[in-house]
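Structures given as structure tokens follow.
Here come two complexes built around chain A, the first alongside chain B, the second alongside chain C.
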Partner chain A sequence: MPLVDLDSIMTTPRIAEIMVVRSAASAPVEFIQAICPHIERERTDLVWGQLQATEDLQLFLYGLSIRSPFENFAWDLVVHKILGFVLLFDWHHESACQEIKDLIDFILHKSAAPIICVADVGNQPILYREEIYRPPIVLSRRCRFTFCQSSQPATIRRAVVALLDMLLNEVG
Partner chain B sequence: MENRTPVSLPESLKFQILCRMLKGKRLSVLMEQLDDEQCLALQSFVWEKTLEFGIRAKGRRFSQEELLGQLKAAEARKSDIVYGFVFKGLSRFSLQNDSPALIRAKMQEQVDLMCRVANQFIEIQMSE
Partner chain C sequence: MQIESMTFHPQGQRHLVAAIDPEPNGRERLQQILLNSGIAIKFVDSGTEGLELIKTEKPHLILLEEKLPDMPLTQLLQQIRNDSTTRLLPVMVASREPQVEERLRILQMDIDDFVDKPFYPEEVAARIEMLLQENDLLQESLRLFNRGFNGNLREMSLVDLLQILELGGKSGRIELTRGRQSGMVYVRHGQLIDAEASDLHGEKALFTLMGWLEGYFQVVLGPIDRPPVLHGRHGELLAHGLRYHIKCKELSTQLPSLSTVMQAERSGPTGDLSSAEREVLALFAQPRSLESVISELALSDWVVLERLKNLIDKKMLRVVRAGKNGENHTSREWIQRIHRSVNTTKNHYTRILSFFLRTPAAEQNTPDLDSAAGAGRAANKPLRIFLNRSELLLLRQKLAQPLTAFWL
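For the complex of A and B:
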């Protein structure tokens, strides 16, 4: 008799969790909506959505504002479960860049998960040719940089796919 | 010649450098806040990204010689900057007789020069 029932393992639903932290007063609702057809919960500073990636794999995306819950957030309990982080910031605001800079150190210290820094140009066009930021620019093995337009869901999905690629490369 | 292991820049600093490069801002301002070892690491990172932007922008048409040629041409216009300074890495402090302040000033100029070349690939105008 086998020690492990493989069938029961193979059919166990799995959950992959990704955290999106936005350097702004409100949670990244548009970003999460671009990925998840179903939004579970939405507050000013928090949004949570899920995507059924395959029959037995669910992708959970948690969107946080860097502001209110951030300092009181139970990071030590949560970060170990997070597969990867998206750090979203307004490309046109210098203070947002500074906030993300500080956050990079914080997360790399707390977690071993990869990070993708995503500069959001909002409704404006991305000023650079696509080949400059696609594939994302490598800052280190665990940290990359790219652009998105929050008004264009396809650009958001590309950023998340880039993070998933980083995760797959880690496994590979 | 002195060989030292280069320091690696924290990701947050690399992020800041990259943002400034993409926005066409000078890095010499940022270098003023760094120590010598960090400045060397920054210089190396900027060189790497300049090459990368060249490859991304021009693909197979890009060659490192083209980039070196652009840097050479720009430096030739400045008689007080020694070509090769940027490419001799960590040995430069022991090879040069200049004062640390002068070396740092030259390094800042070269980093800004590399950024200008990178900006040609990115196609933005340098500001600030």
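For the complex of A and C:
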């Protein structure tokens, strides 16, 4: 009886991919750092993070700045793989707020994946009552809205958990 | 249903909350927690009983259940807000409504706080305490306001004062003084009634006074029993007065500070001065401030400022002592506090609401913004999820772990 070739029966790691787009000049490094112990930064407007959930399951977070050459991004290739989108913006900047609103429609047009808009209040307190944004506000069937504090990693992870909840609702 | 009342704390409560809620659950716990903070609470079951309780007991805060058995929330709120004695009373609404659109609709009403049911009594008690503290501050500010206030016209012009009285729907008189000159403006329920300034009355007096950049005011609130001379033209008069005031102010910026002391140049031709300018120049025989000359002349500020400017441009006046601007923030400061207190809870949700309103479809009240956003072919395609349910749950579990376990 031949020896079992373990390499041949080891499963390929399963990868979940989520894109985080930030309405700012630089990529959402702090956001991804709150989730992924391992990050790589190719450019100021692009960052990648990896989280090993289990031995066979990984989460990849792609962090992108909205100011990247966005129009040239390979959306048609990427959207088929992405599980969901996190649209991150600075709550204290009106222009950032508007950019994200425009981006919601853009992504809804491109992809069927769910979106969560995350308003970052930085190290300020969230002035809104928690029951308003937890669970996240339902903007539409595929879009939610919530807050995070970039100084509090737990709030960032909650936002991504909310995105996973939307996916869980889809798979039933 | 009988109105329940609580055994008062031995030291007495400072505040009373009127709770209009037919649901009995949680009452005892909430009562106990509030009592420990020195706050009494009385419960009733219906809107009608609630209105009677508010009228007789004069609570400091109202806690409302959204679904009342005898009237809609909007009707009850309207009655509370239309009554001048309860117009500014803090109102907290408790609701079981799960739909965000409904919750946002409630938030857009004239309320001060909103809490989901079932609620933690400790949390509600903490929110009640916070609202009561804010309201105490507002009431204190209003008490100061209602006693009347005074200040400097340099800090707050007559137009500013009239606008504030209009906002508050107040009645009273504004007494103005400037050197040996004085004037009076009468307001009833926020509307201009009459004005006096030296020998002038009505509109002429009002515009003269509106041009005053210097001087002092004293606002005395109270009923005004005078025939309305300026009645019905409040908006028009204010707008005209504001334009005039701005013109005067612009002209004054071309002059040194009005507290600057100047004196007429002893030498220099006066042949090319008008008689009006010579009249003003004569007042500067001895050093004196510009504002004292303005206040002495029984002319509109605009006229005097023009003449002063001409004299300065023609170098007929020299500076003896440079002036400096005084500050009087007192009136403005706590009027701003009042406005801040009243407006604190009103605008918080506008930006969140704008996310709903970003597309035309939202205005049609459809919850599904995806299709209206032009999702087109992407929305019509099914979502392909490359992970199964177990894998998603594993990811979720990993992310939801406490921080200490997260990095393991």
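The criterion applied here is as follows: the second predicted complex is superposed on the first by the 161 of 172 C-alpha atoms of A that agree within 3 Å, B and C clash if a C-alpha of one lies under 4 Å from a C-alpha of the other, contacts with A are read in each partner's own complex, and residues count from 1 in each chain.
We adopt the following convention: contacts are C-beta pairs under 8 Å (C-beta built on N, C-alpha and C of every residue); 3 or more make two chains touch, one makes a residue touch a chain.
This structure is a prediction, so every number in the text was calculated from the model and none was measured.
In this overlay on chain A, chain B clashes with chain C.
In the superposed model, A:I104 makes contact with both chain B and chain C. Looking at the superposed arrangement, the partner reaching more residues of chain A, out of chain B and chain C, is C.
Once the two complexes are overlaid on the shared chain, A:R43 sits clear of chain B and of chain C alike. Once the two complexes are laid over each other on the shared chain, residue contacts for A:L51 go to chain C alone; chain B is not touched.
When the two complexes are overlaid on their common chain A, residue A:C117 makes contact with chain B and with chain C alike. Of the two partner chains placed by superposition, chain B and chain C are both touched by A:L127.
Of the two partner chains, chain C is the only one touched by A:H80; chain B is not. In the overlay built on the shared chain, the residue A:S140 is in contact with chain B and with chain C. Common to the chain B and chain C contact sets on chain A are residues 97, 101, 104-105, 108, 117, 127-129, 131-132, 137, 139-140, 142-143, 145. Of all residues in chain A, those touching chain C in their complex are 14, 16, 35, 37, 51, 53-54, 57, 59, 79-81, 83, 91, 97, 101, 104-105, 108-114, 117, 127-129, 131-132, 137-143, 145, 153-154, 157-158, 160-161, 164-165, 167-168, 170-172. Those residues of chain B that touch chain A in the shared complex are 10-16, 18-19, 22, 49, 52-53, 56-57, 59, 121-124.
For chain C in complex with chain A, the residues that touch the partner chain are 100, 103, 113-116, 348-349, 351-352, 354-356, 358-359, 367-370, 373-376, 378-379, 381-389, 391-396, 398-400, 403, 406-407. Every residue of chain A that touches chain B in the complex is listed here, in rising order: 97, 100-102, 104-105, 108, 115, 117, 119, 127-129, 131-132, 137, 139-140, 142-143, 145.
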